[in-house]
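In what follows, structures are represented as structure tokens.
Consider the two complexes below, in which subunit A is the common component and subunit B and subunit C are the respective partners.
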Partner chain A sequence: MTPEFRAGERVRVRAVDPVGHTRVPRYVRGHVGRIVECQGRWALADDRAAGVAEPRVEPVYTVAFAAGDLWGAGGHEVTVDLWESYIERVRRDGS
Partner chain B sequence: MSRVNDVGGQAGFGALEIEADEPAFHADWEARVFALNSALVRNGVYRLDEFRDTVERMAPQEYLAASYYERWLYAIEKLVAERGLLGDA
Partner chain C sequence: MSGEHTSVPVAARVRRLEERLIEAGVVGQAQLDEALGAMLKGASPVNGARIVARAWCDAGFRERLLTDANAALPEVGLSMAGGIQEQRLKVVENTAGTHHVLVCTLCSCYPVGLLGPSPSWYKSEAYRSRVVREPRAVLAEFGLELPDDTTIRVWDSSAESRYMVLPRRPEGTAGRSEPELAALVTREGLIGTAAV
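Entry: the complex of A and B
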């Protein structure tokens, strides 16, 4: 599986609310960010936490968000490392 | 569902206390808890992500009242007991 997203692409974090452990902080769910870079492929933490014998292995991306989008204030960026299945491409109509 | 650990961006906890020359551990037992967890993960008793999941399974009122390494100790005890490696005290 080659990385689906490239640096500079805009992605939306899936607005999921899984039952168990996840590495998607609540404050980015549903928000749009920008791919900074791919950090290689890593076993999905959600699967590892659930004791899955063969956890899914996916690209992990550093994604940058405007602090103002997340908090309503602040001119800086917040970067979060996210597995590929946590995010989806933002369509042309912005949805 | 989001659990009690997921407090990023939440207000009301007050300012972070930043200690000058903060030591790695504030008590010997904390260092032992740290070492114990490393040994259990390295020996394959449980995975680091299972450990994180277990910390997050703490009852919210206990989680918020506990210190960082008290949460670690809770998770170690819980996981070791769940795996049948620890008898009743």
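Entry: the complex of A and C
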């Protein structure tokens, strides 16, 4: 699986609410961030937690979010590690 | 927030889980002790401090450390391979304009081998929920007042990655040896809740 996203690209975290374990922190769901780098490929934590025999292996990205986008205030930045299936490309019109 | 306080509910929960596993015959007390001992053998902030001191003294090592920490660690006799699988290490460098601080909002991911067992506040819900939202205020409670124009970056280590902060070398330390420099570095400095 070749990484779908490159450094600098804007991505939106899927606004999911899955049953069971996930590594998508609630506070970034639905928010737009910027890809910092691709870390490598790891087994999807959700599959591993569910005991899936052959967990999906996906690129994991460091994604940076502006505090103002997350909380409506703050000048800092928060980076979160996100598996590829947690995020989607932001289209040119911002949707 | 003080430097140390016990998190009794978490400890009690862990103990109940251990008891259930022992009762069910999944694991024995001796095996648990052995596994914990193996994990903590050599796990100390002294390791992180040694890495920092080497980076302060050796520009080439510093560069390799920031580019690919896993490849650089063997140069100081360390690695990230102590656990079930080798973890990725990312070292983030404080500069005049940027300060880094670590957290794991979902649980308590942390480079135990390089920083030693994590402080109880690192696992507390208060730290985990607040530092991503208002890091400047949280750091001030630790006694770290940052200039208004310093950019703060919070690293939420919620994957197979672990992070470590490379603090800024203190002023007036020219000519000090690596061991002397390493002695200046604290566990809090490696997490980012202290300057060094």
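Operating definition for what follows: the second predicted complex is superposed on the first by the 95 of 95 C-alpha atoms of A that agree within 3 Å, B and C clash if a C-alpha of one lies under 4 Å from a C-alpha of the other, contacts with A are read in each partner's own complex, and residues count from 1 in each chain.
Here is the rule we use: a contact is a pair of C-beta atoms (placed from the backbone, for glycine too) under 8 Å apart; a residue touches a chain by one contact, two chains touch by 3 or more.
Model, not experiment: these values are computed from the prediction.
Peer 1: Can A:Ala53 be said to touch subunit B (first), subunit C (second), both, or neither?
Peer 2: A:Ala53 sits against neither subunit B nor subunit C.
Peer 1: Does subunit A have more residues touched by subunit B or by subunit C?
Peer 2: The larger set of subunit A residues in touch belongs to C.
Peer 1: Once the structures are superposed on A, label A:Trp42 by its partner contacts, choosing first (subunit B), second (subunit C), both or neither.
Peer 2: The answer is second: A:Trp42 touches subunit C but not subunit B.
Peer 1: Looking at the overlay, does A:Thr79 come into contact with subunit B only (first), subunit C only (second), both, or neither?
Peer 2: After superposing on A, A:Thr79 lies in contact with subunit C but is clear of subunit B.
Peer 1: So in the superposed three-chain picture, is A:Tyr27 touching just subunit B, just subunit C, both, or none of them (first/second/both/neither)?
Peer 2: Both partners.
Peer 1: Which subunit A residues are contacted by subunit C in one complex and by subunit B in the other?
Peer 2: Correct list for subunit A: 25, 27, 45, 70-71.
Peer 1: Considering only the defined contacts, which subunit C positions touch subunit A in the complex?
Peer 2: Going through subunit C, the ones touching subunit A are 88, 90, 105-106, 132-136, 151-161.
Peer 1: Help me check something: in the complex, which residues belonging to subunit B touch subunit A?
Peer 2: These residues of subunit B touch subunit A: 1-2, 6, 8-9, 47-50, 52-53, 56.
Peer 1: Which subunit A residues qualify as touching subunit B in the complex?
Peer 2: So the residues of subunit A touching subunit B come out as 17, 19-21, 25-27, 45-46, 48-51, 70-71.
Peer 1: Write out the stretch or stretches of subunit A touching subunit C in their complex.
Peer 2: Contacts found on subunit A: 23, 25, 27, 39-40, 42, 45, 60, 62, 64, 67, 70-71, 74-83.
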